[in-house]
Amino acid sequence: MSAEVAYKKVFERPESLKDVPTHYCPGCGHSIAHRLVAEALDDMGLREKTIGVPPVGCAVLAYNYFNFDMVEAPHGRALAVATGIKRVHPDKFVLTYQGDGDLAAIGTAETIHAGNRGERISCIFINNAIYGMTGGQMAPTTLLDQNATTAPGGRDQRLHGNPIDITRMLAVSDGVVFAERCSLVSIKDIRKAKKAIKKAFQTQLDDLGFSIVELLSPCPTNWKMSPKAAWAWVKDQMTNTYPLGVIKDTTGYEDKK
Amino acid sequence: MSAEVAYKKVFERPESLKDVPTHYCPGCGHSIAHRLVAEALDDMGLREKTIGVPPVGCAVLAYNYFNFDMVEAPHGRALAVATGIKRVHPDKFVLTYQGDGDLAAIGTAETIHAGNRGERISCIFINNAIYGMTGGQMAPTTLLDQNATTAPGGRDQRLHGNPIDITRMLAVSDGVVFAERCSLVSIKDIRKAKKAIKKAFQTQLDDLGFSIVELLSPCPTNWKMSPKAAWAWVKDQMTNTYPLGVIKDTTGYEDKK
Amino acid sequence: MITRTIFSGFGGQGVLLMGYVLCHGAMHKGLNLTYFPSYGAEMRGGTANCTVTLADKKIASPVASHPDILVAMNYPSLEKFEASIVEGGLAVLNASLVETDPERTDIEVLRVPTVELAREAGSERGANMVMIGAVCAKSGMLSLEDTIEGMKAAMKGKEKFFPANQKAIERGFRFVDEGK
Amino acid sequence: MITRTIFSGFGGQGVLLMGYVLCHGAMHKGLNLTYFPSYGAEMRGGTANCTVTLADKKIASPVASHPDILVAMNYPSLEKFEASIVEGGLAVLNASLVETDPERTDIEVLRVPTVELAREAGSERGANMVMIGAVCAKSGMLSLEDTIEGMKAAMKGKEKFFPANQKAIERGFRFVDEGK
Amino acid sequence: MPIEKMLMNGSHVVGEAAVRAGCRYYFGYPITPQNELPEYLSARMLDVGGTFIQGESEVASINMVLGAAVAGGRAMTSSSSPGISLKQEGISYMAGMEVPAVIINMMRGGPGLGNIAPSAADYFQATRGGGHGDYRTPVLAPAGSQELAELTFLAFDLADKYRNPVMLLGDGLMGQVMEPVVFPDFIDLDDLPKKDWILDGCEGREPRALFSMLLGQKGELYYHNLHLHEKYDRITAEEIRWDAETPDDAEMIVVAYGTASRIAESAIEELKAEGFSIGLFRPITLWPFPKPPLRDLAKRVPKVAVFELSMGQMVEDVMLTVGERAEIFFHGLPGGIIPTPAEVAEFLRSALKGDGKVGRRIEV
Amino acid sequence: MPIEKMLMNGSHVVGEAAVRAGCRYYFGYPITPQNELPEYLSARMLDVGGTFIQGESEVASINMVLGAAVAGGRAMTSSSSPGISLKQEGISYMAGMEVPAVIINMMRGGPGLGNIAPSAADYFQATRGGGHGDYRTPVLAPAGSQELAELTFLAFDLADKYRNPVMLLGDGLMGQVMEPVVFPDFIDLDDLPKKDWILDGCEGREPRALFSMLLGQKGELYYHNLHLHEKYDRITAEEIRWDAETPDDAEMIVVAYGTASRIAESAIEELKAEGFSIGLFRPITLWPFPKPPLRDLAKRVPKVAVFELSMGQMVEDVMLTVGERAEIFFHGLPGGIIPTPAEVAEFLRSALKGDGKVGRRIEV
Amino acid sequence: MAKQTKKGKITIDRERCKGCHICIEVCPNGNIEVDESLNAKGYAPALFKENTNEGEKGCVGCAQCALVCPEVAIEVYRAN
Amino acid sequence: MAKQTKKGKITIDRERCKGCHICIEVCPNGNIEVDESLNAKGYAPALFKENTNEGEKGCVGCAQCALVCPEVAIEVYRAN
């Protein structure tokens, strides 16, 4: 009987993540992204020197889940708030965690300019192509023809424009030293995403500049899909508009190896 | 004696420009840009269907100089105001005329998203690498080491980040169909600039999308240079950071020829 | 005449729809009404409730400090609202989920085995329709006809459910009339 | 004692500097003072002016409705401010540019050929220093020493101009003392 | 045709009323608790060939409204408290440039992000001008769905009549509540008076310019402000609106607006049942505040009880109106909870007794 | 060492005072007429190892301030009217989260872009909360360079003492005028009380979270607002500041603040020379408004003359304070011009005569 | 059907589980199933098959289920 | 020095001119000079050389000066 065999735990909750239930919907990408961020901080021993800035969005309550200092920023202003924090504590680790409406709509100017200044901040960008918290309105990232409560019949290029690719816009700035787009809907993708997050964090520790990891993330609730279908939609639809991979890397880490 | 010979006028003030003195400083690029915009509108017969949106900046008084309908927009919001106008009058010609602080600092979000929506608006972007109206503060476009009243000793990459290249960021959006960077400091450049402006205007008439012409423009006063020196500085310094040329062109006009 | 009813239950139990049916029925009957759904602060997956006020005169507050009728589809709802019911008020309980009885003795109680009755009527999914039928029958707020009209107006566009829902509503009325 | 002086002229005539010199001189002398430069609305290339108020007691308004002294470096300035000078006040005119005399007869007038005197003193550029010297001498607001100290404090960092400016200031004083 | 009653929530009512009032241009950014409004219009504008744009932010949205209004369209935006704060600069510009537009604020609890329970803590911002400078915007405070519809019409008419932004001040609860509504008929856009100041290209006329910057040395800005204030005085004289039910023998009048007035009304019914004689004074225009009628009432009613869903904002206007003519009592609830008639009744009893148990006596 | 007087313009005075008061973090966006302040600090912060960032906008700047303050720094921003309107959301958040910071508003004429002549038309915005929700920020109104220096110190101290944003309300003229100033000594940052709520990483302690959203079902937001208002009541009780010179036989007191009070003072001197006995009451804290001392004065002085560089904003606080205890007269100048003592003297004479020629009588 | 020692095993916090069933999708060896009896929050949680039928590979402790679990409701153990 | 017919000529609005002197820079034939007598605004305006010296090419009406003039102060005429 298995009881006779000794087992050792090979997977458990990271310390940077409080042991509490979240308010996220079943199959929501936020939950996985939270765990990856927490694991990365644990692996790099950063929890106690980290100050995080959650967005206004479904992750607004992230300070209830992450096990380190956090401050709420007004919608879209996480990177401005983080800039203030980092200038006071250049020796601490500062990250923002933002949704696509927060980062790519109302926060566009703060995002572009924090990147352009090369602020030593790491930005986790959850792109779920929708306004989750407010109930499924169109986001600037919403795909063409994707339904949204403010885009009846689906996003129309002529009326609403194309999905915005803000990460590629950021990549134009020299201050942005690392930008990668990953997804959260397969074992492989999740492992990749964690690697990208750790690399982004490393650039801050090495004082290189601004780094961002965009995570394509399922929102079953507002996409009105089952978790399974939502995960498949990310793989089959989202990645066409938002191809995965490194968008910019001037860290020179690879060369060093 | 020359009196005996008959002469015909080969160069005069365009109708789209009122016959009044401007408040611009000697050698200021705004004045030339005004004339080029006016000439382009005359050439294309657009004056009477044009609605223009000047910025808050040295060109805030442009409505005193341009001979067509204009409305003042709050600082940075010209493209939002223009969007409202264009949606009411899709058959009219709508242009914005903005400085680098207006368009690339406080107006970043409005700029990026008007472009991303592919608004049928033509944007004239006066990049003089400084805040002119307010007296020479650093602009996001200020060159490294360039002096500004808020960048004593010159712009420092670590403190202030690099000069922003918003036109290239805009080019990332499919909604932006034409983007060219020109300068105003030589006969050749001025002729090129006018061609670019007319092309940008044509894209709106053809309902193709958003177009922008960035004009590198001297600000002798705040650069603390003579007009001659300022014109030379644009040629020798600015164009290194902001290379001239077409940045994006999906109009297909060339192919048609 | 003014009657305040609170419908309360789990998110999935069609609580808001019950209130909506009552509202449309009342409109059809020509009454004044207000419908106030709980919103916001209660986050995803929580319990839902709505307050429906019917009157033959102008209605002031859409919020009820003391409902005349509580329709409790689950136990937490009974717990939450029992105390606020007016003296002599009515509590209609979903017997299929609520075993315990109210503590108060100064209110009337009707226990409706919604799921069982709905199954009889054709499908368990009609539990909330059985309930609204029973509530209207017991309280006399709406006739069977008005209730059915209310259901139809409330579910405009979903005509294919009308027959099943009508059956369920009728079952609710019969339960009150015949006591079973 | 309270004395309000308005300095006015073209942008390039060093008008604000004159006021600045007077202020520092007064500080050196231990007087209270306020300095109010025109700003903003007047746009580029226009005329500049500043109001300097000196007093041995607390100074209320830095804005003067009725200056005791007007220093007009050009004609528009005389036009603009003549009417506001207090009865029995003083108008010091830059004779090199202002030909016409004030219309008012109830004020004292001093005409100073600033450019000519400055040229004598070494350089035309010192015209404004000649003027401030003459103004201080005539009004008795500052002694020669205080005026020179004021100039030095006002131009801190530009020491190389001190000797020339001092000459010009002295010339201004001599002009008043000797009438030529 | 028979007048048809419709049952929809308050946010949808505003959307439908706006369309019927001729609004064809909506620009806004999502925020709870008013998302049902833009959602409704995103579909409705497609039916009527209007424009719906979800702006990239509230700041962009208010400036799109400015542009659409300057171009001659009936334009509106909507948001809730934090988003309205971001629109203040734009509102100040529109007031300065005399641009008509309608702004809907479905208030939520603050400060900061607060929560979305009903609240009325943006009264000062709305009536005193949260933006910079000496300007005013008419503020309409509906107390139910029917009024939401009618005041939405009025908002567009006042905006055009006075060339001024107009704000409609509701709250989250009002946006959620459903009541039967009878909508006014669609207006015919061609029936609206022509605007001779708009920008539509200068064909056949002199170019026009609209701006708020007035640098002139002759006090242009000074005189412009005097002109604006003459307009505000006219609005104050002509546009105050209120609703009052005051028995001749009233011992007390309750002053409340919006959702608070609905709660108060029920509380008053309770107290009437207990034999008290109490009136209700409900300002419908918050600016201009209906001072004359309230002042008259205060002359004959000994007590004035003010109830607000805030810590005390409108009460200042009541004080400025009533002065020492009557005793003033105040009870305020900050955002975050759903107020009940029972609690308000407690306050009214306490005010009648003057025992200060609930709420407090206000000294001018 | 001898106390050294320095001669610099008002904007530079604020900058130098801020640095001496321990401010090491400045974030702002240029706007006339206060550019000399950021320009001064862009250089000064380099000397003292502080941070100066020209934000991409006013919105970004106020949120950078929020971040720096939350991290424990003494942080400030500055702007002028339109820019301050854009900061309202951020200010509301800071008030809600109880984040201390200093905001300088060198007012210009509005509404809209207006012009940069001295104006004081942002009184409502500053004292009533231009942002959303039930919050207050102490507002300090200096009347000269020396006070600019001292009140800048006070602003930082009040902000930390009450964990609340504090606003310093000046105007363009004040920023340009030069007067000799004696600066307070540099404070030693280590002498400041330690802040046990800031975010600096959770090493050796439990993680902290700061937020303004309060969703809880138990009325968390409700109780938080009550807590905030207890704080505001404390500030009202302890922090009012004013300056008054009132002869015992005063026929009238003039109420004015900031630049207007300086102009009024000269006007009063004129009238004194003419034999009138007039006092001056100058509020230094605009919120909390110094009601008790003014009310006492109103009991013994028959007339109160209010002079503002606006169409009438502070006058409401005077009315709420004086009530019917004294006759109130008001004269306001909207922005766009430089006010002169002569004009104010006219008003005061008219008020004394009560002939209504200049200004107007105000009825409460 | 026979009990047998497995290379690995997992524990699922059934109250933390939200029934997204992604873990069931990814388990290479089909060791997780749906528990029809709802948890307190009303979700049908995932259930680890303690027992494996003949021919079934059984849990190998690969932790793929845990890696995808949004709720961090799964802990994985491996036999040493 | 001899007067001669020129291919072109220009007129300069000396009051509109702000003395930036760019036109002087660009004129291929050196036909524009600085007018030391200031205009009303206090600028030293540009002055067209009506007369050309021996060997000077004279104005050809190429309009380059006008093209660069920020103030649109120059009008250009060409002989036909």
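For this structure, a couple of remarks:
Here the chain labels run A, B, C, D, E, F, G and H in written order, and each chain numbers its own residues starting at 1.
As a working rule, contacts are C-beta pairs under 8 Å (C-beta built on N, C-alpha and C of every residue); 3 or more make two chains touch, one makes a residue touch a chain.
Just so you know, these numbers come straight off a predicted model, no measurement behind them.
Fewest steps needed to get from chain E to chain G, stepping only to touching chains, is 2.
When the C-beta pairs in contact are tallied for A-F and for D-F, the bigger tally goes to A-F. Farthest chain from chain F (centres taken as the mean of C-alpha atoms): G.
Distance between chain centres (mean CA atoms), chain A to chain H: 62 Å. Between chain E and chain F the centroid-to-centroid distance comes to 29 Å (mean Cα coordinates, whole Å). For the pair chain D and chain G, the distance between C-alpha centroids works out to 91 Å. Multi-chain contact residues, meaning those touching two or more other chains, occur in chain F at positions 32, 56-57, 59, 82, 89, 93, 97, 112-113, 115, 117, 211-213, 215.
Across the assembly, chain B contributes 25, 56, 60, 72, 74, 105-106, 108-109, 112-113, 117, 140, 160 as residues in contact with two or more other chains. Chain B contributes residues 1-2, 4-13, 17, 21-22, 24-32, 35, 186-187, 190-191, 220, 227-228, 231 to its touches with chain H in the complex.
Residues 56, 60, 72, 74-76, 101, 105-106, 108, 131, 133-135, 137-138, 140, 149-153, 160 of chain A touch chain E in their complex. Here chain H touches chain B in the complex through residues 3, 5-6, 8-9, 15-16, 18-22, 25-26, 43, 50, 61, 63-64, 66-68, 70-72, 74-80, going by the rule given at the top. Contact residues on chain A toward chain B in their complex (touch as defined above): 105-109, 112-113, 116-118, 140, 157-158, 160-162, 164-166, 168-169, 172-175.
Residue ranges of chain E in contact with chain F, taken from their complex: 59, 81-82, 84-86, 88-89, 92-93, 95-97, 107, 109-115, 117, 119, 121-122, 124-125, 128-135, 211-215, 219-226, 228-229, 310-311, 313, 316, 319-320, 323-324, 333-337, 364.
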